[in-house]
Every structure is written in C-alpha cells, then in structure tokens.
C-alpha cells in the first residue's frame, strides 16, 4: 500500500529516479533540464549576497550606463548600479511571489477540487461553474484588478496571482477524481466499507498528486510571468528592492539611449526561469496525464 | 502484355525489434482485364503488397528492393510527381474501411471535383460534378446525394462512393483492399455483385485483396495465396480450388464452411503465423504444417511451376 | 441534437457564467480591500468630502442596492463613473476598444499563421531537427514576457534600424476619417479599414506600419500553443485512412496536407483560439503599454496610476464580458464548421 | 496499467515534491537570513517619491537620496512610491514624513520663490507646517518694497533663516529641455519657462507643428482654477493678458511688452495701476473686448475662489482692492499695499482675460472639460490660437488641435508662425522620446529623461533646446518627529549630496541649488552651502546630539 511506505526511503528513491528520467524520452529530458535550470537559479538567488560583487542597490558603484566591461561584466544602469549584482539577487521577489502564490493555490484549490468532485451533485456543478467563469477570465487583467485593490507588496501580488490560478488546480483534480472514482479498486474499497474520508486520502489523493505537481510547476511559470507583468503596469515594489521585473520595467526608459544591457540580462533571467518551470511542467504533464496535452 | 509486373518485391518495416520483411521476394504479373485474388490471413502482407504498387506503404515501412512496372513506368524509381499522376488515374484503390476513408468535412461532390481537377485540369466544376453524378448513378446512388456529407451515408453506400472515386478517372487497374471486410453480409454480397458487374462492363483489371476465399472463388481468374509475406501458391482459380497443392492452401480451403458439401468436417489451422521479427528457418509454414519433414526446417522452398500452378513447397520438389 | 437547440443551450450556459463573473469583480472591488472610495484617497480625506465623493459615485448606497444598480447599468451598457472626473467609463471604453480590437485581430492573424505553418512543418518532418527546433521555439515562446519581447523589438527595429515606429497607432493628425459623403460619416475605429473606406493608400500603409511591431510581438508570444496543437493534431489526422485514401487518389501533397489533414485538425485549433482570446487580451494590456498603443490596456494602466477603481472595475468587467461572448461565438462557429454536429 | 504508472509516479513525485519544497524553504529562509536587522537607535525615515514621473526621474532621485542618507550610518530610509494624484492627496493629508516636490514660477520675481513656501500663509499649501512670525514679516516687507538694495538685504535675512530652520531643502535646479527637428526655429526657453507657440515655425514647407508632451491638464483650462504648469502654458497660448514678459528676456522691470494693454502707468505710492487697452479687438464670437471684460475677469476669478486656484494661493484678494473701468478702453487697479512684482503678476496665467460668455461667474464652479465641445471647455479667447479639438479620457489628455485665431492682433505681424498645432500626449517620457526619435513629432517638450536628452544631443537629425527649468526641494513634515526639530532637518540637509545627485540622475544636466531662489535670479544667496554637500560629519554630529547612534 502506498501510504504505508516509510517516508525515509523517498529521497533515496528520488535520486535514481532523476537519472531514470532520461530514460523516459523527450519528456524526461525536459523535466531534467527544467529542474536543473530552476535549481541553479534558486541557488544563485540564495547565495547572491555572497557572490554579488557590489551592493545591488548601491548607487554609483560604477560609471553610469557603462556597457558590459571586464569590471562590470553585465554593464551598469542609469544610476551606476552593477547589473551583475542586480541579476544575481533580482530573482528574490519573483521566487517569493511565485512560491507563495503556488502554496496558496494548492491550499485552496486542492481541497475544493477534491471535495466538490468527490461529493459530486449540485456542489460539484456550482463550484465548477464558478471556477470555469474565473478560468475563462483573462488572468493578468483579473490579477491587475485584485492587485490594484490590495496595493503593492509581495504578499498581495502572490494573493492576486493565486486567485487567478486556483481554477486550473480545481479542473485537473476534478477530471482526475472523476476517473479514479470509477477505478475498480476504489469501488472495491467502497464495497468493503472504506469510509469516504479513507478512500479520499488513501486512494484518490495519492493518485492526483502527480497532476497537482504538474500543474504546480506550470503555475510557477505563469506566476513568474504574471508578477513581472504586475510590476510592469506599476503594481510592483518600490525602487529599493532589486527585482528583474523592475529592471525590465525601468529599462524601457533607457531604450532610446541604446542601453540594451539594462533590459537584456534581467529579461533573459525571467525567460530562463519561466522556461525552466515550463519545461518541467510540460514534461511532467506529458509523463503523468497525456490528457493534459489536449 | 502484362499491365502490372512485380518482381521479387521486398517491403521492410523498421521497428524497435529490427527489420521485419512484410513482403518477401514476391513476384506477380497482371494481364489486362484479368482479376487476381490475393488471399491470406490478416497480417500476411497482402495489403502492404497492394499499397506498395502505389508507393504508399505507411511508415515505418519502405520498399527495400525489387521492381514494380506499371505499363512502361518503373513505379519504384519514378518521380513523386509521376507517381502522383499514376495514383487514381491509372490505379484506382479501394480501402478496407469506408467509414473512415472519406474526408468528413468535404461533400461527396467535392471529393470528385478535386480529384478530377488534379488529374484533368481545365475540366469545369459542372462537368466534374456531372461525371461524379454519372458514376454514382451507375453505382446505384441517387445523383443528387452528391451534395451530401459522408456522415450522411451508410457503410455500404460509402463503399460505393469509394468505388466510384476509384473508378471516376477510368483507371487501367483497380485494387480493392478488403473492400467488404467491415460490412455486413448482405451489403458485402451487394458490393461483390457490383464489382463483378463493373468488371464485366468496364473490362476492369482487378486485384482483389481479401481473406475471404469464397469471394475469390466467385470473382477471380487467378488466385495468389500469401503466407507470412511470401507467395505460397499462385494459379488459375479453378485448378487451385480443384486441387490445392500447398498445405497452407489446403488448410485455408478446409477452414471455409461450404453449404454444398453436407456433413463436412471443418478444420482449422493449428498454431499461429510466425513472428516476422525472428522468422523460423526454412519454410515459414513448417511449424504448422502437417506434412513437414526435416528439409522444410532447413531450406526455404522456392516458388516452382508444377502442372500449371506455382507453388512453394518441398513436397512437389522432385529432387 | 439540432444546431439551433445546441446554440440556444450554449447561450443559456453563458449567461450564468457572465453573471457570476460580474459578481466576482463587483465583490473584489467592494468587499476585498474595504471601501474603494477611501482607498482612492489613500484613507486620508475628511469624511464630509468622502461622503460627497461616494454620493457622486453611488458608493454610499447599501451594497445590495449598489449591486442591482451595477447589473442594471451594465445591461444598459453603463460601466460606471470614473473616480477621476465622474465621466461615464463606457465612453472611454468604447472609444479605446477599436484600438485594442485592431491589435487583437492582427495579433491573432500572426499567432494563427505562424503557429499553424510551423506546426504543419514540424508534423511533416516528424522527429527531424526541424521538428525539434520548432518545438523548442514553441515552448520558449510561452516563457517570454510579452513586454520584454516588445522592448527588444523596439530596440532592434525602431531604435537601431528605424524600420518601424516605436509606438502609437498612426502618425499624428493622420487619423483616417472613414467613409464620408456629405454630412454622413462612418468610421469603424479600425484604422486599416477606415483608411480603406476613406480610400487613402498612404494612411493605409501607415496604419499597417504602426500595427506591425505590436501585433507581431503579441502574436509571437501566443503562437506557441498553436504550434503544439497543430503539430499534435496533424500527427493524428495524418494517420487517418482518408488521408492515405486521398493520396491514393493522386491528390497533390498540398491538398492532402492542408485540405485533408489540417482541415480536420482545424476544429480543435479553432476552439483553442476561443480559449486563447483571454490570453490575447491579457497580452494586449502589456503590449499596449510597451508600444503606448492607445487602447483599453493603456487606459486600464492609466486608471491604475490614478487609483480610479470604478474605472478599473468597468474595464475589467468589459474584458470579462468580451471573453465570454467571443468564446460563445467560437463555439457556435465550431458547430457550423463541423458537419458532424449537424444532426 | 494507468494505476501502475501512477503508483510509480507517486514515489517519484513525492520525491520531487519534497525537494522542490526544500528549495522553496531554502530560498525564502536564505533571503530573510541575509536581511540585515535594523540597528537600534537609528533614525528611520519614511521617504516618499512620486512614481509616475510627474517630476523628472523621481524614482532615480529617491534611490540616490536613500543611499546618501544611509551613508551617515545613522539613518535608515524606507522608500514609498506614490503616483502623482495620490502623492498630492498625501501632501494635503500631511501623511508623508519626507517627500520631494518641485516648483515652476507663477510670476518672475524672488517673491514667487519665497512667499509660497516660507510664509506661514503661503506655505500652507505644502502642509509641512512651517510657521515663523519673523519670517512672515520679512516676506511681507520684501514683497511690498520697490528698492533693490533694501530688498536684497531683506531676502538675505530670509535666506539665512531658511537655512537655520531648514523647513525645506532646495536640492537642484533642472533645465527646461525642448527637442525639435533641425529646421524648426523660434523655440524660446527663457527664465519665465513659458512656451510661446506663436513664435515657433513648423518644419520647412509645413504650416502645422506636431507637438508632443507627457503633460496633461491637471484640472481645467480655467485661469480661475488651474495651478499646473501645463494649464498655464495652454492659457498663455489660447488666452491673452494685459501685458507680457518679453520672450527671451531676463524678465527685468523693463522687459514688459504690450498685450491687451497698449500702455500703463503706476502711481508714485505704487497703489494705483492704470492700463490703456487695445481697441477693436473681438472675441471669437464677435463680441468686442472692452475694459468691462477685464474687470469681469478679475472679479470673477476672485469670486470663484477655487480651493486650488492661484488667486487664493497668491492672495489676489489681499492685494487688489478694486478693478475699475472708467472708460471702455481703460482699466484701473487699486492695490491694498504696494506690491513689487505686480506687473509680473499681470503677465501670469491667473491674470488672463476670459471670454465672459464662456466663463459664467458662479462661485465654486470653474469651466470644466466637456466631451466633444472644445470651445465650451475653454474660457480663454483673444490669444493667438483657438482650441478646436480636445480629446481627454478619464482626466488624461490624448490629443489637442489648435488653429490660428483669425481675430488675433498679432496676425498683421505674421504671428502665429504655425497656423495649426497638433498636440500629442504620451503616457511617459520613453514614449515621447521614442516618438521624437522616430520622427513622428516635430517637437518634444517635457518631460524627457536625461539619458534621452544625452542621446538626442548626439543625434544630428535632432535639435536640442536648453533653458532654465523647475527647482526641486525636499519637504520635511514638521508634524512628524523628529522633524519638528530644526537640528534633525539640518542633519538631512547636510547629508544630501546635490552634486552627486545632479551628476548621477541628470548626467550633469542640472545644477545644484542652495536656495529656494533659483540660480542667476536677483537676490539669491547660496545659504545652504554653509551646511555643505554630503557633509556626513556634520549630519552625524547633529544626529548624535539628538541621541541617535
């Protein structure tokens, strides 16, 4: 039985499973590459305080708007701030926002999805309708509305993003549960008088975990892009926090002066991070339910 | 002269297990106006053989070696464009499943029009449609139904449409690949009747691919029996049904219920066709053959003429 | 079931969805952070002024009453008043909408054409280097923030090469007037169409020149999903009998690929287009800000910087309704296009 | 089968899930660990800046101020960005501890740089709560005194007190920048910071000038209400005043040129001004312009008493006893007390003459923008241009069209040079700069970022015009400790490094400012030089006196 395995073994099993991924064809590779990118960036962000050559928000640490040079490998911006240092530490905000929003999403979306679809009937119909109507909405616009009401700040950004992505969890879980409910061994368990709570946790939950993870990773990518978008429309954090999104937004003002390096590098970082998560997400969903592809 | 000439054709499928010969050194030749019945269990490579005459062997399969000559053209080495012109124009092809062989989003008329246009540019839509209607009419479909969509037709009707499409340009050769397998018996009979009638009226050259001996018996002039990608026996229909020589052919015939013969014991063929990925040595049939002797397990029997019929079996090899 | 009853049920399904959506937005603005009016003043205003302000916007009524007013208003095409100058938001929405619509239409054209062509290419050369590179491109396109791509575009094509203008809709004072004879005026607000109506080639070329960068940017960012979808469906449909049958009839490869395989792979692509419309609008908001395109998106962003919550609500609601209606339209179109649904 | 896959899946997934969560915790944890905990005994300031670019490059400045103040080691600055509208509202609500503000002159006289800030009445609008009776009396004397030497002494005193009390800290004086296509001429950026459209010739072979800006009318075009730079700019070009300051001049006492008035005289006691008016001028609706309209305008502008209106802010009421029209073409102003800059005041947008038909005298109700009716939205008339189109969305201008006013008195002399002006309004400096670079507009004026100016100066296809610009200063909210204490305010003043700011944010295209009176204007003394630039030692010692550190 799944839920009787000692948890300690998980990590032991995990390591070979990573290498095993490569044997799962393109999808496996995608996951592996994505995971490596994300992990690398996470680590970079964590250790940024120690590897940054300068204070990322320090003024005039170098000449103003100097193109990439030996001293300033990624150049400096209009305040003489070192882009390399800013690139190192600029991920913090996005990681925080993304992680928070994903956690909130899971905490809200998964229970609702499980409950509604498991009980079925009107509860299910009603919730689905609500979720669908949110799902159909242009995500960023809704996030903007909420963020505008809540005002700037990491938590508020995360919340506004979370609201937008809860439905995608709900939907995937629902579709999963509906199939799993029909599985012979679940019905069997029912007949053997397993109460519904039991069935839910020992049969259904373990089986939907993969899909949850798949959605979560994709959600990460979206959250990152959305948070960048929110910053871009002026709902981000004040200038004193290093943030790729902010650099991108502000870099636009330096376009005419031809300072490409001010937007290029933060931009690439965002792309890379989002790409990492997207790769993971697509790989996983291809691995665990090809249905998602449709 | 021969209309279609196939010489030791080899078609291979490249699979994870390696190469498997779906068609192995098959040689055939079709005279104008004749009808050849190509029989064998499913998976014996008869459809592949049929498709290879159009160079349409589905990937991962491909023609490995051999020669196919249609009239003067070398089918295997001619350009894609030439090949395209041959398809539909010189060779009409009828597929197994009429339900899925028509484009669901196109009206029947459109099928005809676009086909006629591609091969005979300059024909006006009206004329094209007209021709389509005539064809349908002769196939027993109301001409006005040409404006209907495929899903509005029954299986049998669709097969008629398919036949119509195959004949629309009056091809020299018609290949019917299990045309009735997916149809119920009544419709099957109708379609067969239709084919026979067409064959007479149009002097069709017809290759009828099927696993249904009965149909072959009543339509074909000559019969080719395939087993595991190889020709087992090839001869005039009457001879072959009178005295089948290859044990496999005999087995096939015995496995067919025959209303005329009362109290006949139906036999079936023990075992299953060989896995072409790792074929048995010698004669591919020997594992199932009642008359097999040690030579069969060692060398492969060549196709040899034996009073009028070609057969690949050591039993008739006087050496 | 008959097409008609299908359409009707589909419409009936849309209505509650829209209502829910409206309620949702309403709640966000009214309940979520507390009182939008005092928020507008950053909670720093003397109560009397606030009262008067609320009164002008009808924010002083009890929530249920407000809700009814709001719904009734929307039904009459009234999207509320702006907190800035109490002007009706609907005016601004309708005057800004054509710009967004034009951008969206062009972006869709890019998105579809790029997505489908690349998708078909990939599927035809399945598992080749070409296939893989196209797939990578598709995946990467999800990951690019549209405004970043926009900035890069501007940097390259406007700043360095001077090929295209860096923003706005048309050269100042060149706004096409549309159809005019005598006192009769008719303008769609879509500059390309208007300049055609006006019969002014110069304006036509110009408006296209201004459209190109923004629409291409938006199209590129969204084409990924279509590449993947087209590829997948093409791979499926190419296996189907009627494709082989078509080949066997000697049809040209182009006809087979586009008329048979793609034509049948197209319906799911169409539905996806409906779903993507939401993403398209979201992208438009950022694109418009990047290229200072005077559409709904830029208007929304302006409103944000003015803390004009009633206007924000108006725009968001408008977006919502728009999406619902479009997806409805697409579904109906789907029904018409797929003959199999016709009985 | 599917089930099997899932079972395998779970082991693997739970693994990945856990690792992901670990990474998560690591990221968040790592981040917070590395945050330096604020030391005890530091002065923590909530520093506000304007985030939507109303004042050039406010966000950059904020970053610079922060780093400068934190160099002392005794100050921690928390930055708060606020968009312009809420920034204003916060100002009125006294909710910002420290914030940066700017000033464009109404009339060209030191008084307009002193009274509005340092006078307990004038300074009221800033809401910083500065109040010094000695200062008030000095200002009153200075503004009513005509003798240059005496005024000089008075302003010297005033500026000394300004440094001692440091109620606000002048930081820099920017430049006014205009960029045009090379064949555009007649742009005059002078000390008045007025933009005289009628002097500008459009590019060769055109009679239309396409003008781009990021400005937007803040309230309305009504001289009785508008207080913003752009409002004044439009009034100047759409309306008419009795007198003008000679474009390009240094706005000295003899630089006044006739407008609606042909000549003027002042009584020896400086209390009575008499203006003779041009005859035969017509409003665009055909009505004649007479002394009555002048009287009407002044009475009205005062009667309306718009809360933000200049007439209140500059105390017209306290100054002007009466406006009389003895004859059709003569007006007499009687003042309550002598007022040195009176002529300058007459050239200020607040003193422009409105068209009575379009500007009803209903207190509290100025002429507001009306959708689709540009004429009814604009009480100004008689000027070089008529406003023929005004598109505005949600309180933000999108496009304006100006056509030559056939009744303008200057037509005979060939003014205005550009018969039509199309005004394009851009959402931000970048959009404006890009439009200028790509040649969409003939002229860009306000606000261009320094980096844009720099790149445009080196662009042969563009011509860059330079003139005096706005001043900016830091306001310290005296209602919030510790800024009720002058020492704390001086500590901030000392810690700021104007030179660094000017060189970093403005790439040298601005000059440090040590007094509220701009550089090069009469009576200016560099008071704040005494506190020095980036004078950390002084700042630290002051803060330590206050018990910080």
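Going by the order they are written in, the chains are A, B, C and D; count residues from 1 in each one.
Here is the rule we go by: a contact is a pair of C-beta atoms (placed from the backbone, for glycine too) under 8 Å apart; a residue touches a chain by one contact, two chains touch by 3 or more.
Just so you know, these numbers come straight off a predicted model, no measurement behind them.
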If you apply the touch rule, which chains end up adjacent to both chain C and chain D? A
Most centrally placed chain, judged by C-alpha centres: C
With centres defined as the mean C-alpha position, give me the chain A-chain D separation in Å. 44
With chain centres taken as the means of their Cα atoms, state the distance from chain A to chain B in Å. 56
Between chain A and chain C, what is the separation of their C-alpha centroids in Å? 24
How big is the gap, in whole Å, between where the Cα atoms of chain B centre and where those of chain D centre? 90
Considering chain C alone, which of its residues make contact with at least two other chains? 154, 159, 166, 289, 301, 305, 307
Can you tell me which residues of chain A touch two or more of the remaining chains? 234, 252, 255-256, 258
Going by the touch rule set out above, which residues of chain D reach two or more other chains? 52, 83, 428, 434, 437
Chain pairs in touch? A-C, A-D, B-C, C-D
Residue ranges of chain D touching chain A (in the complex, touch as defined): 3, 5-7, 9-20, 23-24, 26-28, 30-31, 34, 49, 51-52, 59-60, 62-64, 66-68, 77-81, 83, 428-430, 433-434, 437, 449, 451-452, 454-456, 500, 504-505, 507
Touching chain C in the complex: which residues of chain A? 129-130, 132-134, 136-142, 144-146, 148-151, 221, 225, 228-229, 232-235, 248-249, 251-252, 255-256, 258, 260, 263-264, 267, 270-272, 274-275, 278-279, 282, 293-294
List the residues on chain D that touch chain C in their complex, please. 52, 82-86, 89-90, 92-93, 95, 208, 210, 212, 368-369, 371, 393-396, 398-399, 401, 422, 424, 426-428, 431, 434-435, 437-438, 440-441
With touch defined as at the start, can you tell me which chain C residues reach chain A in the complex? 16-18, 20-21, 24-25, 28-29, 32-33, 36, 39, 139-140, 142-145, 147-148, 151-152, 154-155, 159-160, 166, 228, 232, 268, 278-279, 281-283, 285-286, 289-290, 300-301, 304-305, 307, 309, 312-313, 315-316, 319-320, 323-324, 327
Name, in rising order, each residue of chain C that touches chain B in their complex. 240-242, 244-253, 255, 259-260, 263-264, 337-340, 342
